[in-house]
Structure formats: structure tokens, C-alpha cells
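Next, two complexes with chain A in common: one pairs it with chain B, the other with chain C.
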Partner chain A sequence: MSARVAVLVFPGTNSEAETVRICRDVGLDAESVHWSKGASLPKYDAYVLPGGFAYEDRIRAGAIAAHDPMMDYVIEAAGEGKLVLGICNGAQILLEAGLVPGTGAVRKPTAAFTHNAPSGKFICKHVHIKLVAETSRCAITAALPSGTIIPAWSAHGEGRLAATPEHLNEITSGGHLAFVYAHSDGTVDDAAIPNGSALGCAGLTNKRGNILAIMPHAERDAWNFNHPDLADRENILAPSGGAILFRAFAKALS
Partner chain B sequence: MLHTIAIKLKIPDNAAFSALTALRRLGVDVERVERADIWQFAGPGSSDDVATSVKRNESLFNPNKHVLEVLESPSPRAGETWISNIPIPGDVPPGSSAGAAKHYVAWRLFAGHDRPADKATVTSAIEKLLCNPAIERAIT
Partner chain C sequence: MALRPDELHRIAEGLGREPTTVELYAFDAQWSEHCSYKSSRHLLKQLPTTGPNVVLGPGEDAGILHLGEHNGERYGVVIAHESHNHPSQVVPFEGAATGVGGIVRDVLCMGAEVIALADCLRFGDVEDPNSHQRYVAQQVVDGIAAYGNAIGVPNIAGDVYFDEGFNDNCLVNVIALGLVKEDEIIHSRAPEGSAGWDIVLVGKATDASGFGGASFSSLTLEEDNQEANKSAVQVPDPFLKNVIMRATYRVFEYLREKKITAGFKDLGAGGIMGCTAELCAAGGFGAIIDLDDVNVAVEGLPPEVIAVGETQERLCWVLPGDVTLDVLRIYNEEFSLPEIARGARATVIGAVQAEKRYVMRHGSEIVMDVPIDFLTGAVSNELRHREPARTTPSSARNALEPGGLAQALAAINACSREPLYKEYDAVVRGRTVIPRGHTDAGVIAPIPGAPFGVALSVGGSVIEAVRKVVAVGARPIGLTDCLNFGNPNNEEHYALLAGAVGALSDEAKMFGLPFVSGNVSLYNESASGTAILSSPIIGCVGVLDDVGNVVTPALKHPNSQLYFIGTQETGSALKAESKRIAAVLEGVNDGLILSVRAIGNDGMLAAAARMAFASGNDFGVTFRDGVVPEARCHGWLVEAAEPATFEAFANRTLSREDWELVGITSVAGIDGEVDVASDGRFWDLDELHAAWVKPLAEIYA
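Right after this comes the complex of A and B.
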């Protein structure tokens, strides 16, 4: 029996359709759950917070959604060890909820994905992210060898990891850095970072390793038709590189 | 001389309403929330001259949806907090192209009967929602 995955929809979420679709493509029993149906959340095995502009990014990206009643269920489920994946705006929500990196109390954020630097502008760019967490560190990526490169689309105005120097040290020393921006060959340098993100961070995990927050959209590079190289023109619906992350997610739930 | 200009919406402010709803859910006792962008300009001349200049800058002010107020004090009023982003090296501060020296988002909280919220309420609102200390600073 497939694991049941809830893809949360807040007012302003806009990536739930492709997120549900890739979850189903990798064998998960996924469905979107509207913010008015939050009470149904406990029955799911895992949760995905997709991209978009929840509550129009009012106050700060993810700030209002982090206090939405749906997040009460997610926080409780995460505490029980269920898997939670946040993508882009979903990642911003997880940081605002204090779940990731989780170095402070719940709903007391110690970091944020905030305005891109130096431009301060929205960026839409194809990128590659490199898994830097050890295999055993994050349950969602446990099926992937460290160093795995995943193609994805960065589409955000607020994707730069920012925190105080003390909290950045905690992120590093605690092994919370899951993904960094890299070139397609895996080399890591400043030129690969599209948004000025501290530590070159593209994704973070929590202390327990059951929550993953990534900024780039792997689900938007999950099929050939949305990969820039269109590797297989004969089969545009064939899986593309971004599907790797969701296969690992499914394996973690099997 | 420092000139302090507040620009707020004259149409319904959805962000302020969301803040009000979220704060109440978090147990912060507020009846009304107002939000404004605070722009501070350093330089000679009168604040009214600066206000006239700001009104001509369509990246800061849209007469169809904004009202502008010249503030006498360069710091938050009773019941109010000003939030600013912690600057990072190489960052381009908002409004710098218009000559602004500093930008804040002001949240003004009111208790019953339009009284400004007390200091404890404002502090609670800052800690629970209005400021992420990882990236922002709040002054009251």
C-alpha cells in the first residue's frame, strides 16, 4: 500500500498540481489538502508544503502561513517523526515555523530565506543543487549518495539564507546544511549561487532529519518537457533529473 | 536634518488585516492594526519639500492608493513598532535610488476604543509575529 502524502494548499499556494503529480508518478498516494480541510491532516503519512505565495507573503514570506491552523498539525506530526518536505515558499514557511533548522523553539525562527542579494529581485533560473548531507543525516534523501546533483528551477524573490553568525555556525556544526548550489558538474563556487544565499545554501534539514526545506523547485524539472536540454525529444513526459528527489522521498516512505 | 515620511494605503490593507487575524489567533489582544512604509531622508530643506518630492516618485507613492504623512518624530509612536531588515554587505537598500536613507515597515497596534496598544502588547506582537530576529530588527 502506498504512503499517503498531503500536499498542503494555503491561500496563495500555486505549485500544488505539479507537486501532487510528481508524488503520484513516484508511487505515492498524494492529494492536495485545502486550508479549510486541515483537520484531515493527521491521517497522512507525510506532508509536502509546495511553492507559491501563501497569504501573499504578507508581513514576510511564510510568516502568516507558519501560524495557520494547518501548521499545528504539521508541527505535531513532525514531532512524531513523520516526514515533511517544503519546497520554495513551503521551505520559507518551515523556517518561519522554526521547524528548520530547528535550532530554536517552534515558531521562534532562527533563520530565514529572505530577499535575494544583491539585486533584491525575483530570480527565475535553472540551477543545480548538490546533496552535502551525509546519507544517514536526512531521512528524505537517505536513498541518495552524498554528492548527488539534482537539477531544479529557482523561482523566488526571497531565497537567500540569512541568520546571525551564531546561528549560521549552528547550521554548519549541526549538519543542517542539506543542499548547496552547484554547477552541473558538481563544482561549488560563488558563481553557482543565484541569490547570495549564506553557505551557498539551497536546502536545510532539522536536527532529527525528518524535515527538509529546499528553495529550488525540483518538481519543475521532473519531466523532460520542463528540462532545458529536453534530453529525450521522443518522450517529453519521461522523468527528468528533479524526479530523483521524489523517488528518494518515496523510498523513505516505503 | 532627518525627514520622516509615512506612506500607507487608503484602500483596505490586506496585510494589516492578516496581521490582525494572526495576532489575535496568537493571543495578542489588539482591535485594529495599521501598516505604513516609513522612509527617512537626510538632508537640508523642509520636510514638506521632501514630501512633495516623494509624491512625485511613483516607485514610492501612488496617489490612487496611498496617503502620505510627514511625521514630526523620527521614532515610533505609542503602540507602534518599526521593523527594518538587517543590512548585508553589498545589499541595495530599498528606496536608495530615491535618496532614502532608511526604510522601515511600521505596525501600529490599537487596543479597545482606538487606544494605542500598551508596550507589553507591542512587544508580544513583535516576538510572536512581526519580527524575525534572524533577518530583522524592531524598534519601539
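Right after this comes the complex of A and C.
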């Protein structure tokens, strides 16, 4: 039986449809769970927090949603070791909830994804991200060899990792850095970073490795039709590209 | 107010008395150009609006074109096109954002899921960093981005041009696409037998914003009236809209389960009055509205403000009483509208009535009581005009000096638009096939599980928009238009409008393409009497039955032969265009064409550079001696998979004068440079690309 995955919908979430779709296409039993149905959350095996602008990004992106009652269930489930994947706004919420990098107390964030630099504006750009965590470090990416390159769309106004030098140190020394921005050939330099993110960070994990917060949208470059010039045109509706991340997620849940 | 003395007289005569204050504001809105198309309707009649693909032509909030069948169900593409020029000039961020908000509601209220956006922008001279024009150009883009991104609808197409003719009046045209099953379309009218049904207002609490917007947009902008104009602009709330859209999708589902035919319409110009009057009049009914039941943001609003104010994020249902409570519960409890925005909710504000009168109550008083057809019926303003001059675009271009291509690509109207559109989310919802960028038409795969592709392009003429759609391998199926012109009471401007409609009509008929929706924006003129450059803006929808056949402009291989398909002529020679379109589509579908780009006004040389950029500067282009690529602007530049097969195909499908071998793709030379080369002239692609991306990067930093 495939794992049951809840894709959380907060007021202002906008990426639930494609997130549910890719989860289903890799074999998960996924459905969106709306904020008025939060009480049903405990029955799921894993949780995905999709992209959007939950609570209008008031205060900081993710800051209010981190206090939504749905997050009580997610925090509890994460404590039990269930898998939690946050994408874009979902990643911002996980940082604001203190779950990732998880070096402080719950709902006391030690790092944030904040306004892009230098423009301060929303930027929609195709990117590649590189898995830098060791294979055993993060359960969600355990099926992927370290160094794996994943295509994705970076589409956010607040995606720059920011933290004090001490907290950035904790992130690197604690192995919390899961993904960095890279070129398609895997080389890493400043030109590959779309938003000025500290450490070139595109994704973080927690100590236990059961939570992954990732800024770029792998689910928006996840089918052959999303990248027709690179794709197998005969199977235009088949998952590919960014789908690799979700296949790993599904494998971790199998 | 925009009502003229003769119209005031007509109102008093029609009512048999002087109108009340509320009635006066109601007629002012309803008889404005914005709502009534009084100066343009008789012209618009010329446009072709029917055809085998038309599911719903103009007349409701949006038009619908047949997309295709999947799993035994027929799907339609909903399309609406609107301008928000005046508001965007006065308060650019909010003006542009509410333009997006309005067009999204027009599509949503047809029962559709909103699937894509496009924007067509015309700004003034932005050279001076401290100019108001530059401020407008930046804020409009920020406003469109803020709204479209938050509601989660990808922006996949558009264009932008700069000219000092738009210094006092920018143009902000927006297009929205929707997806609907053809048997689930909801109409903008009270359904048959709906006398006594509830009229349910959904959305933001009514406030004083956007009061007088319909007539404001039907006047020229006067500088000394800036403050009053600002209050006529609405306040956007994309966060609330995001939730309303999702709640509305849930209501669609509920009504389908219950097999209920309801009426649904967006509140735009004319507010509650305009929307409910048109909904009920279209069904052959009257209405009675109780203004005291409207959820308001502040107490003590005058009845005319509640009645015609254009507070954003509102929609209106006509529902049978036995489902009303369930629908209210979906909006107010399941989607908790009152907790999302202060005062927001769904609420019953009146009822449909059989008697064809439009009545509004406020307190203990009847503040409006008029024959509904008189209010919503045709007013006309058929203006006399000079014989319109039909302009034909010029095709002759001069050969560029060495270095000239970099300059041409760095021109403000040719340079890369990426610094601007990268603020727009082009990929939300995961259905984007080709985002805005190297192609001139965006492509999405709108139906999960089905292979269809939908392409959308915009252009200044039918042929331009059609060529762009064809350039991604999509078959054009229909059009929209937004006619942005000056004051129609000025004979010269009216003649330009009439001439443009005639030209659009001729072009559309030539291709057998219908216009299914559109908009007119007149009075684009400032108090100083400067009108904008006349700007018809056309949207074209195309379909790919198998999106696996989509083609991009990225050059694919070294040493491929490049062909020009098109004509050097204008006017009557365009009659052969349908044949050329069919040939390009067949060539793409059969895999004979590997890459293609429509050639714009900047000519085939610029098109070649753009195809090279799209390849990541992996491949360059060398034109054959004797070919003057900058002189070609009416067709496509295509990369052939295999020259012999392509030429046999071209000989079979095209007239010999309509295609020509013009060049070959190249790779880096011994100097490591990839070039565009023509007749002994060489341009390094990296340098060209740097010049091309620079100008707007400075403005949209």
C-alpha cells in the first residue's frame, strides 16, 4: 500500500495542485488537506508543505503560517520521525517553525529565507540544485547519490538564507546544508545563486534528517512537457527531471 | 460624471421624472463607454465572431473556444482581455494589480479554472531615471507580479514597448485564460425560471474605493483632478482573491454534484448595480437589491457608493434558495472568508424578480426604481468620422553597418524583456511547457493527463499574433482584441479607431479566425490633448493536439540549413498566408522543422540572433551571400532537419517565391567565438547577448 501524504493548504498557498500531482505520479497516495480540515492530519504518513504566500507573507514569509494550528500536528509528527518536505513557501514555514535547521527551540527560528539580494524582488528563474548532504544524512534524499543535480524553478521573493555567523556555522558544521545552487554541469559559483543565499543554500535539513526545506520548485520541472527540448517527446506526460526528488521521497516512504 | 447633457435629458424622459442620486450614478456608470461600448459597438459588429471553434462568442464576461476532447469530454479555453490604462497611469501598482484581478474574475465566473495570464504594456520614454514614466513602468510590473504571483496563475506571454507617445497615458492590457468542460460552463445571466432566486454577493466588504471608476475610464485624464482620480482606483487584495478562487472552485464542484444551473458574474465597472442589473437583464428578469444587506467596510457609506463603487475581489451568484445556505457555508466557514479579510463574506443581498424593473432599497427608502432594460440597454454614440486611412506597414529595411546589430538588439524596443518578466511567476501550477522568453508565444499543457497544449501570443496585428502562435507549432483557433485609442469625439481619433477595426476584421476573416472577446479603451488622452499612439492589441490562442510536437526557437544542430518562409510583400500578397501557416505547422508536426522563430519588425537578422541566444549561444548563424536578412520581416526563420526532405516538402506545400534557403547554423570558430555572420559582417554572440540584456536590466534592477 502506498504511503499516505498530506499536502497542506494554508490560506494563500498556491502550489498544491502540481505538488499533489507529482506525488501521485511517483506512486504516493497524496491529497491536499485544507486548513479547515487540519484535525485529519495525524492519520497521514508524511507531509508536504507546498509553495505560495501563506497568510500573505505578513511579517516574514512563513512567519504566521508557522503558528497555524495545522503546524501543531506537523511539529508533533516531525518529532515522531515522520517525513516532512517543505517547498518554497513550505520551506520558509519550516524555518519559521524552527523545525529546520532545528538548532533552536520550536517556533524560535535560528535562520530565515528572506528577501532576495540584491534586487529585493520576486525572481522566476530556471536553476539547478546539487545535493551536498551525505547519502545517510537526510532520509528524503537517501535514494540519491551525493552530488545529484536536480533541475527546478526558483520562483520566490524571499529565498536568501540569512542567519548570524554562529548559526551559519551550526548549519555547516552540523551537516544541515542539503542542497546548494549549481550550474547544470554541477559547478558551483556565485553566478549560479539566483538570490544571494548564504552558503549558496537552496535546501536545509534538520538534525534527525527527516525534514527537508527546499526553496526551488522541482515539481514545476517534473514532467517531460516542462522541458520539451530535453525530453522524450513520445512520452510527453511522463515524470522526469525534477521528479527525481519525489521518487526519492516515495522510496523513503516505501 | 461622464454623462452628457443629452443623455441626462434622455434619462429624465425615460423615467418620466428626474433621476434620484443613486439612479444618476447608476446611469453614469452603465452608459459609460466602459460598460456600454457606445462609441464602438457599431464598429465592433464588423469583426467576425463565429466559427466551428467558437463555443461562446463575445457578449458575456469572457469568450470560449473549443480545445479538444479528452476521455469523452469536451474542453474549452476561456479567454478575456481587458485594459486598465487610466488606473495604472494614476496609481500604477494598484491600477495594474487590479487589472489582473478583474480579468481573472471575468474568466473565473464562466465556471472555469484560471490557467494563464498575459500582459501587454506600453510605457512612455523611460530614459530619465527620475521621470514619472519610469516610475509607472516599474510600478506597473511590480503590481502585475504581486497579484498574479500570489493567486498562483502563471504569466506566460506578453509584450512591452516604450514610446514618448505614452508619456501621459500608459497602456496596461491583460489577458487571462481559463479551462472549462463545455457542459459545465456557467453563464453571466440569471438562468431560466430564476424569478425569486437569491442574489448572493461574495467577497471583500464594500468600501468607498473605486467609486466612479467606469466613468473615470471613459474620460480623458486631467492633471488638476489627480486626487479624485486616485479615489476612482480600486485596492487589490490578491491574498483574499487566492482564497475566493479556491472556494469558488469548490462551489463549482458542489453545484455540479447538485446538478444546479446558476448565474455567476464578476463585479467590475458599475459595482453591485452594474453586475446585478446585467445578470438579471440578460436572463430577461428584474432585480430587487437591499443595500442594507451588503457587507460594508465602514458604516455610513452613501447608497450610491455602495451601489456603484468598484471595491475589488467581489463576485455575484444567482442561486436557487435551497442551495444558498450550503454555498454561504463553503465561502464563510469552509474557506473562512470573514477570517481572511475584515468584513469579507458571502451574503444574500437581494432577489431576482419577474417584473423587469431594477429596484434598490436603502434604509426605509427606495433609492432606485427603473426599467432594467432602459438601464442596461443600448446607448449609442455613432460618431461621424473622416474616411479612415488604412496604414500598411513598411517592409524595407536598410542593411546594418558592422556593429549595427548590437545596437539594434540593444534598442529599447528590441532588447531582452527578461529583467521585467522574471518578476512574474511563469511556472506555478506546473503545467508550463514554454514560458515567456525566447518564444513569442507561451505554451501550457492545461489538462493533467491529456496531451493538449495551449499557446497564447499577443501582437499589434492579427497576423503578428498568429505568426507567433504558429512559431511554436500551434494551430491558431481564435482571437481577442483590446482597442486602445484616443478620444472618439475627436474625428481624427475616431477615424483611426474605425480604420483599425476594419483592418482587424479583414485580417481575421482572411485567416477564418473569430474574435471571441475583447475590450475598448478610448479616451487615452491627457488634458494637454495628447492622445496615445493608436494601439490595437491582439491576443491569439493556438492549440497543439499533442504538446510533444511543440517547437522552440533554440537552434538544435550545427550545419543545419536555415530557410526563410514568408513573403517580402504586404497587403494582398498576405492572402497566401494561410498556405504558409499550414506549411509551417505541417513541417513542425512532421519533424522537418527543428526550430523556428517568427520574424518581427526588427527583421530576420535579429531573429537569427534570438534563435542563437535560445540555444545558449551554442550555435551561430551564417547567412548566404546576397541575402539581406534585415530586410525580411514577414514570415519565419526555420531550421531544417534535412535539406533535401525539407525542400521536397516546401516545393509541395508552398509557392516557390514563399521560401528560400538563407543560411546555415555554425559553431565556434578557431577564435572560440560563435557568430552571426552575413555578407562579410561578423557579430560575436556573447557581445550581442550582453548588449541585448543590458537596457532593461538597468530599469528593472
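As a convention for this text, the second predicted complex is superposed on the first by the 250 of 254 C-alpha atoms of A that agree within 3 Å, B and C clash if a C-alpha of one lies under 4 Å from a C-alpha of the other, contacts with A are read in each partner's own complex, and residues count from 1 in each chain.
Criterion: a residue touches a chain if its C-beta (ideal position, glycine included) is under 8 Å from a C-beta of that chain, and two chains touch if they have at least 3 such contacts.
Bear in mind that the values here come from a model prediction, so they are computed numbers and not experimental data.
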Room on chain A for both chain B and chain C (clash or fit): fit
Touching partner for A:56 - first (chain B), second (chain C), both, neither: both
Chain B versus chain C as contact partner of A:226, first or second or both or neither: second
Contacts of A:234 with chain B and chain C, given as first, second, both or neither: second
Partner chain in contact with A:17 - chain B first, chain C second, else both or neither: second
Contacts of A:110 with chain B and chain C, given as first, second, both or neither: first
C-alpha centroid angle, chain C to chain B via chain A, nearest 10°: 70
Partner chain(s) touched by A:119 [first = chain B, second = chain C, both, neither]: both
Partner chain in contact with A:164 - chain B first, chain C second, else both or neither: first
Most chain A residues touched (candidates chain B, chain C): C
Partner chain(s) touched by A:27 [first = chain B, second = chain C, both, neither]: neither
Partner chain(s) touched by A:36 [first = chain B, second = chain C, both, neither]: second
Where chain B and chain C come nearest after superposition, their Cα distance in Å: 5
Chain A residues contacted in one complex by chain B, in the other by chain C: 55-56, 118-119
Chain B to chain A touching residues, read off their complex: 14-15, 18-19, 22, 25-26, 85-86, 88, 90-92, 94, 128-130, 132-136
In the complex, chain A residues that touch chain C: 9, 11-15, 17-18, 21-22, 34-36, 51-53, 55-56, 118-119, 121-125, 153, 155, 157, 217, 219-226, 228-229, 233-234, 236-237
Of chain A, residues touching chain B in the complex: 55-56, 58-60, 63-64, 67, 69, 96, 107, 109-112, 114-115, 117-120, 162-164, 167, 196
Touching residues on chain C, where the partner in the complex is chain A: 142, 145-146, 149-152, 239, 242-243, 246, 333-336, 340, 421-435, 445, 448-449, 451, 453, 546-550, 552, 554, 556, 701
